[in-house]
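Both complexes below contain chain A, partnered by chain B and then by chain C.
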Partner chain A sequence: MKALEKLDSHLQSRLTDLNKLKEKQKIIGYTAGGYFPEELALACNAIPVCFIQAGNNNILRDAGAYVCRWFDPFWRSQIGYLTSGRDPYYNIADLIVVPITDNHVRVFSNTLGYYTPEKESFVFGVPHVKDKLALEYYHKGIIRLRKKLEEFTGSEITDDKLRQSIALCNRERELFRKISLMRKSGSSSISSKDFIKLNHASFLADKEFMIEILEMYMQEAGETAPRTESGTALLFTGSTIARDDYKVMDIIEESGGNIIIEEFAEGIRPYWNSVNTEGSLMKNLAESYFMDRVCAGWFRPGTERLNFLIRLAKDYNTDGLIWYHLMFRESYKVESHFFPDMLKKETGIPMFVLESEYDDMEKGPMRTRIETFLETIKR
Partner chain B sequence: MLVAGIDIGAATAKAVILKDSRIIGHAVRPVGYDVKIAANEVSREALQDANLSISMDDLDFIVSTGYARESIGFAQKTATEIICHAKGAHFMIPTTRFIIDMGGQDSKAIEVDSEGNVINFTMNDKCAAGTGRFMEVMAHILQVESMTDMGPIALESNDPCRISSTCTVFAETEVVVLRAEGKERKDLIAGVHKAAASRVFAMASGLKCEPDAVFTGGVAKNTGMKKFLENEFKTEFLVPDEPQIIGALGAALIAQTHAGK
Partner chain C sequence: MKQYYDDLFSLCGFEDEEINNERFRIKATLEKLELGPEDMERADSWVRQYHDVSLMGVRKLLGAWLKELIDLVLAKEDGKKIVYYGFPAILGPGLMLSASSDKVFVSAPDMVLDHTMGQIFNKLTPILEAGEANGLPPGHAMCSLWQAKIGGVVKGMIPVPDFALASSYYCDMGSKADDLVTAFYGTPMAYIDGIMDSHWGDFPDFLPERVEYLGGQINQALKKAEDVLGIKIAPDAWEKSQENSKQFRGYLVRLVELMKADPVPLSVVELELLEALSGSSAGRGIREGIKAMEILVKELEERVKAGIGVTEKGAPRVMVRLGHTSDPRVTRLLEDCGLAVPLTFILGSFGGVRVEPKGTYNTPGEIIANYEMTGGYYHGTEAQIQFYEKAAGIMRLDGFVAQYLYNCRPVATISHAQKKYLEEKTGLPVLSLEIDNFDSRTHSADSLRTKVETFAEMLKAKKHK
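Moving on, here comes the complex of A and B:
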């Protein structure tokens, strides 16, 4: 598709472009998880970029000097990229914002403060329960963030600028939502890999350009003939789907699976809800980013997310669910033991669990498991 | 109808020649360094065992399975070893409902229906605990000629040593320490079996182990392991004749269903 080609070309020159833009604008790097409201950075004329690169086992060796092996490989990768400088987005960021969602992110933020003190950072906590007090805590966190960004950029975040930024981000969320819904039939030409790549690109690309690309992509996808053979319809879920961690998706596709909907805490932009542009904008941001979005696996109780998965499986009429979590991501690992029974009882569909440490050696056994799982569904 | 199934596993290559649902030849050999050579050699030996002076090209259909299934150029179709073990075990023992397969590098637990179709399954992660490789390493340390020969020695023990580590490397250290403490060899060997069986039991804990339970793979030749698995699962395990070729047999059975099409 032309939209994807145009996007690739934008990303190829993105670092060069950012280096030029850096002379006049601040670049705000932030960690994955969806709790950093990009609107705040955009409203003070800064450029948000999310650190979403991972999937390569080599970087874990670099991280080994700072963190033990028994740790989520995505966050170990971030520690590796941060300390080695092998992800240029870490080098280009003027400020690094870390919304602390769980222990893995906390360790990353400790590394950031301890081993790279020359990098300016801002850390705020994200509670694990959705209630009034937790919302208030998150709200206060993003108010502190707003103040930090205003001081750091020297640009006041006015209500008008914030409203414009929210409208821009709402448009992006709306387009992702529409593209996702286009796949409901199971025969859409939109592949999951394209959808996820669009998500990953949206964490790095210029916001207005990204919106243009999404509009163009949606139009092209609408004009493309549907697939003649749709394959086994799958819901793909887990803790993290990083930029360049496409191994599992490739194997699923090559084995005749067709992922038609995904849910990931890190790597997919929460796109189901929009932020209200009326009333207190900061409260609206807190409501949307903390309360309205589907929570991650480390929240308690975890039932909200699991019920959401059951709803997605039903709404998208999927034949099976592939659960892909990273090694040492305990909350997901625990759920992966009891959720298959819940899912089977509610939807009748089977679930299959895969675990990864970004190791190439995993490919062979993963292929065997995926092929067998798809074969058992087909029958 | 003459078909073949080729199973290129981590340690051994296996081939089965099937004529009208009857095994007429089979072979097993180490894989070595080249999977293609192993596939050619094991096929040639299986044809020889079947007293056939033909080449693989003359067969009606060939299915490959195992880790290197995609690399076997002369196979018309591939199938996963899990599907093949289910088919093969069901062919040998039609009442099969649950299978433990312990191969060279991995172990699997498979639930099957009355037709030999896979209902549910699980496989070990990238860890040698509970596999043939684990048993081979232990046989080497305890100076037993082969992994299979350890079985009868393990059965002599009334007091298996406790080996708590599930990692092959750490378990090796534990065995070395226990040996230094003067533990009897038969108790050490029994402890190794118990540790491997308990690892497989933990792996299969999410599956229903209903009779008839069948034990396949190269490790199924070890009588001690059968007993220790039975102790863990609290059920009898049936071992088919030639348990090592069950995957290749399943592949040949799949070949048979495709040959007529």
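Moving on, here comes the complex of A and C:
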């Protein structure tokens, strides 16, 4: 598709472009998870960039100098990239913002603060429960973030600017939502890998350019003939799907699986809801980014997300669910024990668990297991 | 008539009269725990080998753990409403519930199982395996305390709780494993949520909203407990809940003074027994523990006067995080290698470094939260490491054995930073030691020996230069 080609070209020159833009604008790097409202950075004329690279086991060796092995490899990758400078987006960021969710993110935040104090950073907490107190805490966190960004960029975030930024981001979310819904038939020409790559690109690309690309992509997808052989319809879910962590998706596709819907806490932008542009905008951002979005697996209880998965499985008429979490992300591991029964009871479909530490050696056993799972479903 | 368990219980500080009065309960407990005459013989040998039973205070401490175990195992039969909390925990809420009604039994059951089925009976493995088979599999760095708790419940050794207080302010695993209990048994729970979102360099400062949030969560949890358990939190519950704690802490302060002696008068194996009790029991265990400490402190005063210790005089002195909760061999290794351990993190925090909360709060939740934030343990990683530095000032130390629990993410965050920080700030050598503090199957004493021995030899050489 032309949209994807155009996007690739944009990303290839993105770092060079950012280096030029850096002379006039601040670059705000932030960590994955979907709790950083990009609107705040955009409203003070800064450029938000999310650290989303991972999938290569080699970087974990770099991280090993700063933390033990027993953390999620995505977050160890971030430690590796931060300290080695091997992800240039870390080098280009003027300020690094870390919304702290669970202890895997916290260990990254500690490394940032202790080992790389020369990098300016800002942290704020994301509660693990959804209630009035928690919403208020998150709300206060993003108010502090707003103040920090205003001071750091020297640009006041007015209501008008914030409203414009929200409208821009709402448009992006809306387009992702529409593209996702186009896949409901199961025979859409939109592949899951393309959808995820679009998401990853949206964390790095210029916002307005990205919206153009999404519009173009949607139009092209609508004009492309549906697939005649659609494969086994799958729901793909888990903790994190990083940029360049595509091996599981490749194996699933090669084995005859067809992922038609995904849910990931880190790596996919929460796109199901829009932010209200009326009334208190900061409160609206808190409502949308914290309360309205589907919670991640480390929330307690995790029932909201599990019920959402059941709904997705039904709405998208899937034949099976592949649960892909990264090693040592304990919240997901524990849920993967009791969710299969819930899912089976509510939808009748089976669930299959895959775990990864970004090791190439995993490919062979993964392929055998995925093929077996898909064969089981066909029978 | 004498029974097969009498000798062991007597060794563990039970008076004959106590054994006679509790015969029915002891028997019922041992049956539920699948412990028979052969287990008593093995336990007798195990306790004599690894605990300092020449001290009556130590024997009484073991007895306090056994009494807590009996009350835990039989809590349902006793008609109690059972509340479990996760370890480590902000103790205030659990203590307040316990102080509000005689009908409520509050405990950290995993710690009780570790200290009894592990430290006394050396039979924890089947319980851990049951936990592994029920949602917390091996090979994934899952918390072995939680494996013990789930295993104990699944095997029917300890009762299913009526209510759970989840430590959502500290670890992610604990709250998720509480979800597992709910999935299995429908147990209602209150998540006491908090976020350790300190920026490096913040400590000792913290934002007031951290106290407001954590405090509000504690208040909500207490309210929910009232509804679920059908009790009212007594107006003086906070004050009452502090009665035992104050006494216990008082003894810990005296103990810190005694541990300054050279040679150190008490093994860290026994130190762990008493430290952990205060974080695990809100009932008979802690009350009996206080009596045991009274005896123990007097015995240690005698030892200090006589110059008796558990290592040679002049042995290198190191601080550790804490002793092993279920396998005394791992803790004993330090002393076997010739290291004296006068101080642990817990002893330092309870009896050494003074914490003076700032600000004034009116609700129980906020008062508790303010204290915890000031103390630092639930503030963030930096606060924990700084605590070692401060505590080290209490004792004349020669080094640190800075353990980190590989399967406890909040502790594992300090795996590398604590060594660098402490070496730079104190100039003392630091051994960074990966351990599983609750399960010795993968991190046994033998697997750690080479590292500890080498470090000990280095310290000895340095000291004798």
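We adopt the following convention: the second predicted complex is superposed on the first by the 379 of 379 C-alpha atoms of A that agree within 3 Å, B and C clash if a C-alpha of one lies under 4 Å from a C-alpha of the other, contacts with A are read in each partner's own complex, and residues count from 1 in each chain.
Assume a contact is a pair of C-beta atoms (placed from the backbone, for glycine too) under 8 Å apart; a residue touches a chain by one contact, two chains touch by 3 or more.
None of these values were measured; they are calculated from a predicted model.
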| said: Do chain B and chain C fit side by side on chain A in the superposed arrangement, or is it a clash? | reply: fit
| request: Go through the superposed model and pick first if A:Asn317 touches only chain B, second if only chain C, both, or neither. | output: neither
| said: Can you tell me whether chain B or chain C touches more residues on chain A? | reply: C
| request: With the two complexes superposed on chain A, say which partner A:Gly125 touches: chain B (first), chain C (second), both, or neither. | output: second
| query | Now for A:His337: first (chain B), second (chain C), both, or neither, which partner does it touch? | reply | both
| Thinking of the overlay built on chain A, is A:Glu375 touched by chain B (first), by chain C (second), by both, or by neither? | first
| Where does A:Pro365 make contact in the superposed view: on chain B (first), on chain C (second), on both, or on neither? | first
| said: With both complexes overlaid on chain A, does A:Asn56 touch chain B (first), chain C (second), both or neither? | reply: neither
| said: Looking at A:Ser187 after the superposition, I want to know if it touches chain B, chain C, both of them or none. Which is it: first, second, both, neither? | reply: neither
| said: Nearest 10 degrees is fine: what angle do the Cα centroids of chain B and chain C make about that of chain A? | reply: 70
| Once superposed, minimum distance in angstrom between C-alpha atoms of chain B and those of chain C? | 5
| Which positions of chain A sit in both the chain B and the chain C interface? | 337, 355
| query | Which residues, counting only chain A, touch chain C once they are in their complex? | reply | 65-71, 100, 102-104, 106-107, 109-115, 117, 121-129, 131, 133-134, 136-137, 140-141, 298, 300-302, 327-328, 330-331, 333-335, 337-338, 355
| Footprint of chain B on chain A - complex, ascending | 337, 340, 350, 355, 359, 361-362, 364-365, 368-369, 371-372, 375-376, 379
| note | Listed in rising order, the residues of chain C that touch chain A in the complex are 134-137, 140-143, 166, 168, 171-173, 175-180, 182-184, 191, 193, 195-201, 209, 213, 216-217, 220, 380-382, 404, 406-407, 409-410, 412-413, 415-417, 421, 434
| chain A-touching residues of chain B, taken from the complex the two chains share | 67, 80-83, 106, 117-121, 123, 125-126, 206
